[in-house]
Structure formats: structure tokens, C-alpha cells
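Next come the structures, one after another.
In what follows, chain A forms one complex with chain B and a second complex with chain C.
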Partner chain A sequence: MDAEQLLDIQGLKLNLPDGTRLLEGVSLRLNAGEALGVVGESGSGKSLTAMSVMGLLPGLKASGSILFSGQELVNLPDKVMRKLRGARIAMIFQDPMTAFLPVRSIGAQIDEQIRLHHRVSRREARARTVQLLERMGVPDPAMAAKRYPHQLSGGLRQRAMIAMALSCTPALLIADEPTTALDVTVQAQILTLLREIREEGAGVMLITHDMGVVAQACTHVAVMYSGLVVENGPVRDVLDRPLHPYTQALLAAIPPLDGPRPERLPTISGQPPTPDNRPTGCVFAPRCSFVRSECAVRPPLTEIEEGRRVACVLYAA
Partner chain B sequence: MSVLLEARNLEKSYRLGRGRVLHAVSGVSLQVRKGEALALVGESGCGKSTLGRTLIGLTQPTSGKVLFDGQEISGLSDRAMRPWRARMQMVFQDSSAAFNPRRTVGESLAEPLRIHRRHGVRERVAELLDQVGLSQSVAGRFPHEFSGGQRQRLNIARALALGPELLVADEPVSALDVSVQAQIVNLFGDLRASLGVACIFISHDLSVVRQMADRIAVMYLGSIVEEGNGLNVLDRPAHPYTKALLDAVPRPDRALPPPLQGDVPSPVNPPSGCRFHTRCPIAQPRCATERPVLQPSGEGRQVACHYPL
Partner chain C sequence: MIRSFLSRTGQMALVIFGISVLVFCIFFATPGADPTARIAGRGASPQVMARIRAEYGFDRPLPVQYVRMMEKLFVTRDLTSFVNHGQKVVPEVVSAAPVTLSLVVWAAFFWVVGSLVIGVASAVLRDSWVDRLLMVLGLIGLSMPVFWLGEVINLFTQSRWHDTWLFRWVPPLGYVPLSQSPIGWAKSLLLPSLTLSVSFMGLYARILRSELLSAMGEDSIRTARAKGAGPARVWLWHGLRLSWLSYVSLFGLDFAQLLGGGALLTEVVFALPGVGRLTYQALATLDLPLIMATVMYAAVFVVIANALVDGLYALLDPRIRDGQHGR
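So, the complex of A and B:
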């Protein structure tokens, strides 16, 4: 039951022109039919990792490897990347209002995307657009296609953006905080949709800061901190039994929705380091309650059981 | 405990032109006792922010009354409102927009004290910084030198400057990362314990609200549909909308039940009868015609539903 390996990121580093390192060597894997949640707090590098896969980082120097279906994406010429982007790898964003041009109907914009990658007539493109919108659960899709972005509700706009992203049946869908701006009831609808897309065989990479969203929409999770993956594994294993002290602290800081109400919430003292001020050893050491002398050397992301990797000296053999 | 703030049958509507009227808040009555924390929850557009602003006198109600410490404050002129402003303050969501970027935070904290002609400004600023867990030495720094969490602490410090009896905090932690969010949630708990300040938290995050509030009022399309003790309401919701909201929260420990379909209807053209009936999984014919009113249902709880759970 070897699933097709869709994405294999190894030691991805990103530097600013002045040498500041934004990503410190990110390693991630994603198979077709799986959904990988990439979680972390602001500035942890989760969006930068996604943007690297899309090749949308002008001015930044990337090194390491991003294999997409066996093809190396790091430093791929723009012209080649443009053929992949939209067709084989698609992305949806937090704010659909900025993803659509405000002055054209959403149908026209989805038609355009289809005709950019496939040689079909306008009529065929529109038929496909309407079909896509219908599959995304947009009521009265033919009518909705004629509407302008501002005429749709937030939830419908997000569905339209997903329809546009899926218009060329990409093998990999990257979703950057797709539900953060939505109300919970609408978020639940979108998460169900993302799960269906995965079950139909696409790989999904979901960037989020919400552990609940990860639990609902993902099969695997990678936890990022300060430009590094500190832990990854199957979603149930990581959420039920987090290994890295950062993952543990992050989960403990979420106020519970049932059971007894704690007097105070456990917090993580201090703040994450800035990229130009990262510790040479374990990046989490200054805030970690288990810190010891070995933490002065940065621990590698090591597989400690089937499919579970963690970067922490506590689990060194 | 005696009542600090009371709203009686509050309405706030906006004319949109061409005869259309948006009812942002319709028929809301509520009470906040001294030192108590009440949370207003609901989806975007349910009127929770408008209600918060109306309660504190930042927006005038179309009809109805707001009483603070037994005296009516709705309809007061700006000048007449001034002495009351010191007793109730607002904490906004976006702490980066709440401070003048060209002034030191010490100057910003001192401003309300100067406007209200208080003495001992310097000592008071130092005391405020201490209360929100910041070092007194930061007073000379500018807003951009602080992280989001620290700026939210400053935001709270400024709201506390005049020693208010009531804070209205609109989404005070929703822009923050989880670990920082926990620090601010704890800070509000500490401040309530040490200063006895009453709070109205406006939030869409039910788990945060459960942690911070004594009582919860759930709003849908401008009206309160359920109100009561926070833990009771969230652990045993009586209104189908409260239950749907809770069910929709993605949790690490269990799968999501089938989500509520559709969007919140427009407040310009709200549904007849019970406003939730168009999305309610247990709606009956009666719900489309007869609007339920908020009624006591035991344990100090009130529910507006013909068929409470």
C-alpha cells in the first residue's frame, strides 16, 4: 500500500539577500490522497514553506530540495514553473477577496484559468466552471458564475476560489489559512469540502495555526517553530501524544471546550526568536521547561517510531 | 452583587437608503453585575460589536435605554457623557492601530489621565505598566518596538488608566497566537481578581469565552437567543443555534458532525418568525410564523426557542 509520494521537501533553506536565514532546513513529505497540516505560530515559516513550493518567492535565495512527483522545484526556471503552477499545483489563500479581480465576474476568472491550461472553447470552459461551482456546493451555480466577488458571501467566495484552484484538477492543493477569516459554521462546511478533495486522490497541504482545523481536515501534521519542523507524524498520534515540548505546550495553551475549567491556562514564557537572533542550538531551548546542556547542539529531526519524527534531545537514543 | 450596567429593549438600526433598514440590534435586554464578566458571542454580522459599542455609549441606540449604576446614559451629549467615560472603557482588537505610532507608549498611557485632569500621572503610568505585567522602563519606547502580545497588554493598560468599573473588550485575543493568547486570557483573570472590574467580552471563539466569562449571551441576527451561566450554556446548550455553533468548532478529539447549511441571512431582510428557522435542524411550521421570546428555563438561564433542547 505504498501511496505515491507527491511532495518531498528536504533541508529547505531560504535566505534574504542580506543573508538572514528565514527557513533553517525544512523537511516534509506528502503522499497523494493525504492531507498534511503545517501548524505553527506567526513567523514560524509555514507560509514561506508553502510559497517555496509554489515558486512564489522573488528575491529570496532557496537551497535544499523540493521534489514534486520526482521533479526538482528549487531554482526551477520561471517558464517551467508557470506551467506547473495552477495546472499541477494550486493554491488557495485566506482572503478570497484579494485572490479575485474585483471588476470581473468570478465565472469569467475561472473560465480564463481553464482556458490558460486547456484548449477549450469559451462555452466548454463555462460549462466546466458551472460544474465545478456546483461540486463545491454553490447554490444556483450558473447564476453565481455571473456574479462579482463582492456580491458573494465570504463562504461562497471561498468556495469559488477553491473551484478556481481545482479547475485544472491539480495533484497538489496548498491551502494557506483557508478558513481563518470565516465563521465556524462556514468553516465546518469548507473543511468538509477539503476532506472530500483529499479523498478523491489529491494531496492537500493545509497551513494553519488552529489545531482543531488540523484534526478535522488532515491525516498528518508537521509542527513548525522558528523556521524548522520540530515534530511531524500522523495527526492522531501527534495530537494524542505530542512528543516535542513545544507541541505539548502549544496544545496545553488551548482553552478546553469541555470538562473542568482550569484556574489559569498554561503559557509558554517569552517569545519566539527573530530570524537574525536564532539560538545556535535547539531553537526552542530558551522557552523550554525541559532544557538541559545537550540542547546547545541543535537536534536533528529524527524518526523515532514508524512515521513519527521529532527534533528533541529528550528522544535521542 | 448589584447591577452595574443594564440594557432595556435596545434597538439599533441603520437606514441604507431606498427604504431599506438594517436592524443591527433588535430588542436586547441584559444586565451586567459589578465585577461580573459577560461574553457576547455569535457569528460575524450578529450585532455583537454594535451592541458592545451601544452599551458603552460609543453609538447611540435607535430606541431603548442603557443604564449605568442606575442612571440612564443613553441619549447623553458628548459633554454630559464625559464623566461616565472614565468609568467604562473599551479594549479594541487591533492593538497596532490603537496607538499613535509617533508617541511613546508612556505618553499614550498618560493622555487619558491628562484629559481627565488626574494628578500623579507619572506614578500612575508606572503602576499601570506593572498591573499588565510590563516593566516600567518600557514607557519611553514606541509602539512598533513591542510584540503583538505586549501591545495588547499596553492596550489594556490604557483602558485601565482612569480606573474604570467596566471594560468592553472586542475580540481582545483573536489576533494573537495561541501561546500569547493564553497569557492575555490569564491577565484578564488576574485583573478581574485584583481590581474587581466588570468585563464584557465580545468574541466568536467559544473556548476562549468559556475560559474568560461568568455568563454568556449568544446572539443571532441582532437578538439574544440564549443567555446564562457560561459553563452551563456551553456544556448543555438549550438553543439549537448554540448547539450548532458548538458542534462547528473543530476539535482535536472528535469528528465534526454534519455542518449547519447555508449562510447567516441578511439583517436587512431577516426571516419571519424565529430568525434561525431557515437553518435550524429541528424547525417546525410554527417557527416560521411565530417569533419566540427570551424566556427563563431554569438555572438562571433564558432561551428564545419554541422547542428548546
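So, the complex of A and C:
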């Protein structure tokens, strides 16, 4: 597949003002028409990566490179970034209850985004809002636009959130755990929606804890651990044949969908390192059962097969 | 809608009734004190005492006395001050009300504008020296006694520096009605209302700053940024929208209590013949009918303002409209 390269993150590092390094050099790629699932334990830096792409981390110093359609986003002036944000790159957040302003109607908030980026009248914006809500499967969209966030169910709110994110037809949609706060049936509907968006040609970056979600909605997956991407590849390949010991452990910790349930699921012993006590070598080495002496030097993320990249000494040529 | 309005009005009536009973009891039904003598003032002749006793029904049961009193206050409006040579009390309060209203409206204007500017500026520039300076100034304003500030201002603008170019425009103490001269009215109220607004400005700026800063941490503000809104829009449109609820409720209550006579010290210092000064005089001369009238006037104002604030609240926050409290 030689689709247009939409997002190319190379060695993205993020430092706190005191020098603590939160991201250790994240590398990711995403093409138009693909959906990249980003998985990893809590605190591995998934949200930070997403927020860096949005340019929404003013307090943190970023270095490395984020190329979006060939444009460098790291250290882009906020004025320029603002034109992209919401228009070309949009984001959906985990909790649709708190993500909307509670004191204004859903419609008014979607109108606002449209009018921030396009010179249209209030009425035209509202017409577009209603159209979007309808496309997202919101029943009686004209009425729903007049409602306030607390008057809608969680599922409808998240649909409205997606409608808002899509209001300016972004090329890249970032969804940070969009279904975590929703029940299973609603979750499936939202994932279907995301798949449609991707099939229409947008790139989707889907952050989640849930391998099941990745399998359902994504074409590619990146596994993050302690501020690094340790494995990256097409979903089927990675799920069928995980290469990095951390990915293997992560997949082994999920109960199988069919067949007998094992007595006990294997868990990964130990805790992921915090940003202050990250090992200088491979970040997973302290918990890895294949650890060897070469692990004292951090392995780079290298391409070992067509489209598959892994950062582990086991696969060094 | 109509039903909730009616129930609201009923509640208000009930509260006002309760307050009137309470005030009446405190002043007229205190055991061991003869209200007749207190109304008549010191050294009244027995004939006057007898007339008052008959007029107010002090020889009859308490409920009758209460009804008489309310009738004199609200229906016939001929409650008379004996201390003050037969002055009718209710018209006195009514003519003092516009003075207080003008003063408080001006002061409210200054403190809202001032606290918005200071609060937003120090929130945006948080932890910078500007923020620290503004907050220290706010604290000073907050803790400066209004009568002292008023006296100092009077000292400089009325006598010490009155003849310099800076303060030559300052009129002598007192009030000029709006109908007589709008410019004179504004001039006579400028310094008093600024004085009155200083402490409120400090308090409100501090409240706004902390509310605004906590609002800026909310998810919905992150969403606003993600939509591509610029900093001015994020702070002023989204941020203020989230943080002005407690500001508004506090404002309503302060505004009402000032109208009800809470601007007493300012009015006395600047010799403005408002409700506060009337209350002050009534207290100083123990003029019972006048105290009764001003206290009732204040109570009615606070209750009405409270209802207005509740209404405004519902207008500002749809969750309250739907009977869902809190976030």
C-alpha cells in the first residue's frame, strides 16, 4: 500500500522543565486511510504523544520531529498551529461528559468550531452541525443540537464529540480512549463510526488500553512502553506473531476469546519504570524474561520485515 | 414555568412575613420593655404616651399590634417618628432609596469592571510579578476599612489638595439628584462609589482569579484549545463562562445588602442622605419607627435580590434549570 504519508513522528522527546524526560524518543508513522492503534500500560506516554501532535503541551519542551503532511509541527508557532488544530488535526477525548462546556448547547459548541475555521454565517454553520449529527446517527439531530451536554446520554455525547471533531473534515483524527467511558454496545457503534471515517480517507490514531478495540478498529498498531514505541506493525501480524517480549506478555495477559479459559492469566511481574528511574538500556529489561547482556544498550526501533518494526536485541541482524 | 414562578413568589412572601414578625418581636414584644416609651422617645408627656398607646394598639394583644404596625408601614404609610418631630418615616425611606441606589450601582460598576480586569490579568499572568503585585494590592484594598479610606480621601480632596488642578472638580460633600443635574450627580458620586468599591474589587478579583485558574484545568477548556480557539477566546469566552457562577451569586448578595443599607459607613462619611445614613441616624437616636422601616426595607431588598440571583443562575447554568445541581 503506498498511501500518502500523513503523520511521521521521529524520535519525539518531551522534557519537563526540570529535565525529567517523559517521552524517550517516540517514532510512529501513519498513512491516510489507515487507523493506528496506540496501546500500552497506563503512564506509557500515549496521551502525551497525542497531545504533542496537537501542540497542546505548552509547559513541556519537545524535541525531535513530527511531520504532518510534510509540515514540521515541533516548535511551530502557536498562531500557525491554531489553524491546523480543529481544522486539519482533530481530537476526541475520553470523557464526553466533561469534554463539552456544560453551560452551552452541543450545537452551539459545534457551530463554534466550524466558525473558527470557516467564514460562514451562524445559520450555515448550524445547518452543517445538524447534518454532521445526523451522519453520526444522532436521532432528531436538529433537536439534539439545542440540547445541553448533561441532557444527552454518554453515547450521544460521544457521537456529538466526534461530529465536532469531524466538522472541518480533518485529515487526521486522534481519539484518546474514546470508548473507555461507554458501555459495550455503544462502544461497538463508536468503533464502527471510526472505521467509516477511516474508510473515507482520513487517518485515525486511536489510543486505547484494549487489544480487542485495536483488533476491531485498527489497521496498524504501535505498542508503547515507558515513553517509547517498542513495536509497530500491521494489526494482524502483531496480534498473530508478537515479536517484542513486552507485546507477547501484553497479549498473553488477555483472556482468549474462544476455547477454555486458563486457570490463571500470566501477568507481567514488576512495575513499569517511572520517568525518573528509567534504565539507560532497554526500558523493558528489568521485567523481561529474555534479558541478556546486550540489553544494557538501548536497542533502536528497527524495521525487520516489510512494515514491521521492533526495538529488541532478539531481532538484531 | 408559571408554577415555579408562583411558588417562588409564595416563598418570598413567606420569608418576608417571617422577617417582619421577627423584627416586630425584637423591637416591640420584648418582655419588660414598654414600646410606648421607646417610640415616644425620652421625656415625652403623658398625653403623647396615651395617644401613641391607642394609635399602635399597645393595650391590645400582640397580633393586633403586629397588624397595626404592618398597616402603618405598608398600607397607610403614616408611621411617624416622634423623636424626629412627627416626621413621616416611610416617605423618608422612599426618598433616601434613590441615593443609595445610585451609589451602589456606580460602585458595582466599578468593582465589576475592576475585578474583571484585575482577576483575568492576574490569572493569565499567574505567578509573574504582575500577578503578585495585583494580588497584594487586592489584599490591601480588601483589608482597608472603608470609613478610614473615605476620611482620608475627604481630607485630601476636600481640604488639603482641593485647590490643586487634580481635585478642583470635586464637589462639596453631599448628594445632587440626577434630575437636577446629571453631571453634578456623577461628580458627587464618583469618589464615594470608588471608595465603596475598593474592598469589593479586591475580594472579587481574588475570587475570579482562583475560579478562573481552576476552570482552566477543566477538560472542556482543553477541548476549546483543541478546536483551534485562540487564547483570548479560551480565557474570556470559555474560561469566564465556567467560572462566573460563584462570582454572580456573591455579587447578587453583596449588591442587595448594600442596597439594604450596607453602605452605611460610606454614606455617613460622604454625607450622602441614603438608606444607610438613615439607619445610622435612627440607631443613634433610638428612633424605633425609623429602625423598623429601614430594617423592613432592607429585608425586602435582600429577599428580592436573592430571587433574582436564583433566576440568573438558572439562566446561566442549564444544569440548574433542569434541577441537577453541581457539576
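Before moving on, here are some points about what is shown:
One rule holds for everything that comes next: the second predicted complex is superposed on the first by the 315 of 317 C-alpha atoms of A that agree within 3 Å, B and C clash if a C-alpha of one lies under 4 Å from a C-alpha of the other, contacts with A are read in each partner's own complex, and residues count from 1 in each chain.
Going forward, contacts are C-beta pairs under 8 Å (C-beta built on N, C-alpha and C of every residue); 3 or more make two chains touch, one makes a residue touch a chain.
Remember, it's a predicted structure, so these values are computed and weren't measured experimentally.
In the model built by aligning both structures on chain A, chain B fits alongside chain C without clashing. With both structures placed on the common chain, the touch criterion links A:Met211 to chain B but leaves chain C unconnected.
In the overlay built on the shared chain, the residue A:Arg119 is in contact with neither chain B nor chain C.
By the touch criterion defined above, A:Pro255 reaches chain B but does not reach chain C.
In the superposed pair of complexes, A:Asp183 makes contact with chain B only, with no contact to chain C. Counting residues of chain A touched by each partner, chain B versus chain C, the larger count belongs to B. No C-alpha atom of chain B lies closer than 11 Å to any C-alpha atom of chain C in the overlay. Counting contacts by the rule stated earlier, no residue of chain A appears in both its interface with chain B and its interface with chain C. Listing the residues of chain A that touch chain C in their complex gives 54, 56, 82-87, 90-91, 93, 95, 98-105, 112-113, 116-117, 148, 150-151, 164. Contacts from chain A toward chain B in the complex involve residues 41-42, 153-156, 183-189, 191-192, 209-217, 239, 249-251, 253-258, 261-268, 271.
By the touch criterion stated above, chain C contacts chain A in their complex at residues 218-220, 222-230, 238, 241-242, 316-319, 322, 324, 327.
On the side of chain B, the complex with chain A involves touching residues 43-44, 147-149, 177-183, 185-186, 189, 204, 206-208, 210-211, 231, 234-235, 244-253, 255-256, 258-261, 263-264.
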